[in-house]
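In the two complexes below, chain A is the common chain; its partner is chain B in one and chain C in the other.
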Partner chain A sequence: MRFDWDQLIRYSPDLLQAFGVTILISALSLLIGIVIGMFACLGKLQQRGLAFRLANGFIDFFRTIPEVVLIFWVYSCLPLLLSVRISSEACGVIALSLFSAAYLAEIFRAGILAVPKGQVDAAKALAIPRYHIWKRIIIPPAIRRMMPAFINFLTELLKATSLLSAIAVGEMAYTASILGAQTLSYFEFLSAIAVLYFVLIFPFSLMARRAERKLLKKTGH
Partner chain B sequence: MQTSNHINESFIACRSVSKFFGTFKALDDVTIDIKQGEIVCIVGPSGSGKSTFLRVLNALETIDNGEIIINKVRLPGDQKDVEEVRREVGMVFQQFNLFEHMSIRENVTFAPRVSRAVATKDADELAETLLKRVGIIEQIEKYPNHLSGGQQQRVAIARALAMKPQAMLFDEPTSALDPEMVVEVLDVMRELAHSGMTMIIVTHEMGFAKEAASRMLFMSAGKFLVDMSTEQFFCDRDHPELRRFMSNIL
Partner chain C sequence: MSKYSFPVIVALVLGVVAYFLNWELLLSLDFSVVWEYRVVLLKGLMVTLALTACAAVAGLVCGTMLAIASQTNFAPLRWLVIAFVEIWRNTPLLVQLIWIHFALPLVTGINTTALESGVIGITLQAAAYFTEIVRAGIESVPKGQWEAAYSLALPARIRWTRVILPPAIRTMIPPLVNLTISFFKGTAILSILHVSELMTVTNRISNVTFKPVELFSAIALIYFVVGIVMSKATLRLEYVLQNRER
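And now, the complex of A and B:
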């Protein structure tokens, strides 16, 4: 068997476009996930009350159900429930946004809780208003502390976009399998996207490791 | 800014103050008055409620019973009252609690800028003056983790003073320090005491207390068992619990 470079070159515009779709869907899901995740995190930080229970239920639910089930559910059931048509791309973004929100909420919360209580006590004792305590005392160190987990999650999200092939979203995995079926050059296309995923994701893995080392040096534990 | 506090009026008044942590009674019906200019040292076994007492004075803990009146503001109160009290009462912690991601300069200027609306330039000048006073001016652009414990604690004192409080609370300010750094912090506190600042100090440094305090409190199980002038306190050996405590630490 030989590796057919011509096929790859011929279809490289399709692969490139699929690469773009993967990035675009990841970026949108991440953005929406950050916004919803922030609210869920704030809810969970309340520790009691309605907002807490809603946030807690949301986080537990979407962290527990398999991503594929969530994707199929949004694709097949949500349009029925709302009686609207939703494109498969939009379904993908919705499903991955919910998935991201649930995980990010916990990552944010862990980062905030890792800020030493003494920092907040000191700020309160100086009569610093609540808004400034959040903005200057809690959030910056919390972001630094959550960075490794956040970047690791980003790699998980990029990988999870390949699950959207199940609902025919034209991202990399789906495009490669379709092109493979059309040309019978599975070997070429699947190998190509494996490399593309690696090139896309590995730098983030390195970044996460670096962020972790930096944090370790800074906080000493 | 009103300066209507006469010298002999009590600046801090606690009336039947109780504080529970779950079922544990950390403060047990505490009633006490502290006047402006007093230097009060609180001693007592660990877990007796000394830290909790300081923390309720700064509304870092809310009390379950009774009331505290500080500079005419009543606690428990709303957020506005709480901030009003905290503006007038500074606090220094055992673990320094400097803002780790801010330079020494920012640590000292941040609170005056956001909670007293002091202009940046004025806050900077104030910070420089205070850091000179505590002997850390050379380190002004450094970050807390580049300073020794003793230096960090002196910055923490300067940071609290930058709010121009009328009283200062010290929660075991030298307990986390290596012995050779205790002196430099106590020197700063001694100087502050001479300047007429109202101070409430939880400490195990009996030498410092004997020399700097005007009044001694001995706390046990959430109550002040002994409340007397410093001279009396260091002669008095009648109180059985105090005697046991003192013989343990001296």
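And now, the complex of A and C:
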């Protein structure tokens, strides 16, 4: 078997465009996920009451069901239930946003809970306003502490976008299978996107590991 | 934020959702289709669980061997293990599966069935993830314990079975179980190869009966219940292990 570079070069614009779609969908889902995740995190931090139960249920549910099931549910049930047309790209973004919101909520919560309680108590004893406690005392160290998990989640999200090929979103995995079927050079295209995914995801993995090491050095445990 | 702002927000969101919902469809939902196909769905769930078990066991065996290989002094072998682990951890399972199923046979000339490709793919990925965890577990054993074992001149077998492995396994168990849960979720990805696990089965039934809402909601619930039972059991296990240590 010969590796057919010509096919790859001829269709490289399509692959690059699909690469862009993958990044765009990840970025959008991450943004929406951060917003919803923050609310869910605040709800779960209440520890009791209606807000806690809702947030807890939301987080547990979307963390436990497989991403594929979630994507298919949004794609085939949501348009029926709301009787509107939703493009497959929008379905993908909705599903991945819910997925990221649930995971990010837990990551945020872990970061906030890792802030030493004594610092918050000290701030309260000094009668610092609540807004300033959050802005100056809780959020900065919490962000530092959640960074490794956050970047790790980013790699998970990038991997999860490949699942959108099941609902015909034109991202990398889908484009590669379509091009492979058209030109019958499956090996070339599938290997190419495997490399592209690796190039995209590996730097984040390295970054997450570095952040973890830095944090270990700083907090010393 | 006042005490009442949260219930007000929830009520608003629910109101908007209720306004846009297609009540006609919602009231005509007929979940008897789930009960009608219960045997097929149950079989699908069994295949899902079998695939999970397969990934966990085969992954753990391969992962432990690779972790031990990564501790050797022979550098090329170490690099090989690292390359394997990084490649399989940093590409999506879906891409690995279609690569194994569609691209690999063009090179090797051996055609694999969908189930074989699926099992190979998920096992290899499990092996890569398990390698990392086993390696971290072994490395988490304090250096002093290694040195103590060496200075007491304990034989290698005793050193591993009595000194290194017990604390290593204790730290390894929670991440191992968590990983198994994530492979339980991962088996749904095998549906792109149609390996007749729960997700594939549901897709097929939904294509015949035209009742996607009932079916997909039902299997989301099935996945949720099985998954949450597993993760609650993990938490319990973690708690028990922590208390035994003290």
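Please note the rule applied: the second predicted complex is superposed on the first by the 221 of 221 C-alpha atoms of A that agree within 3 Å, B and C clash if a C-alpha of one lies under 4 Å from a C-alpha of the other, contacts with A are read in each partner's own complex, and residues count from 1 in each chain.
What we mean here is this: a contact is a pair of C-beta atoms (placed from the backbone, for glycine too) under 8 Å apart; a residue touches a chain by one contact, two chains touch by 3 or more.
The model shown is predicted, which means the values in this text are computed figures rather than measured ones.
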Combined model on chain A: chain C and chain B, fit or clash: fit
Chain C versus chain B, contacts on chain A by residue: C
Partner chain(s) touched by A:150 [first = chain B, second = chain C, both, neither]: neither
First, second, both or neither for A:103, with chain B first and chain C second: neither
Which of chain B and chain C A:129 touches, first, second, both or neither: first
Touched partner set for A:68, first chain B, second chain C, both or neither: second
Which superposed partner A:19 touches (first chain B, second chain C, both, neither): neither
Contacts of A:58 with chain B and chain C, given as first, second, both or neither: neither
Once both complexes are placed on the shared chain, angle at chain A toward chain B and chain C, C-alpha, multiple of 10 degrees: 100
Gap in Å between nearest CA atoms once chain C and chain B share a frame through chain A: 13
Complex contact set, residues of chain C against chain A: 6-7, 10, 20-22, 25-26, 86-87, 89-96, 98-99, 102-103, 106-107, 184-189, 191-192, 199, 203, 206, 212-213, 216-217, 219-220, 223-224, 227-228, 231
Touching residues on chain A, where the partner in the complex is chain B: 116, 118-119, 121-130, 132, 136-137, 140-141, 144, 218
For the chain A and chain C complex, residues of the former touching the latter: 1, 43, 50-51, 54, 60-61, 64-70, 72-73, 76-77, 80-84, 155, 158-163, 165-166, 172-173, 177, 180, 186-187, 190-191, 193-194, 197-198, 201-202, 205
Residues of chain B touching chain A in the complex: 58-60, 79, 83-84, 86-87, 90-91, 93, 95, 97-102, 110-111, 114-115, 145, 156, 159-160, 163
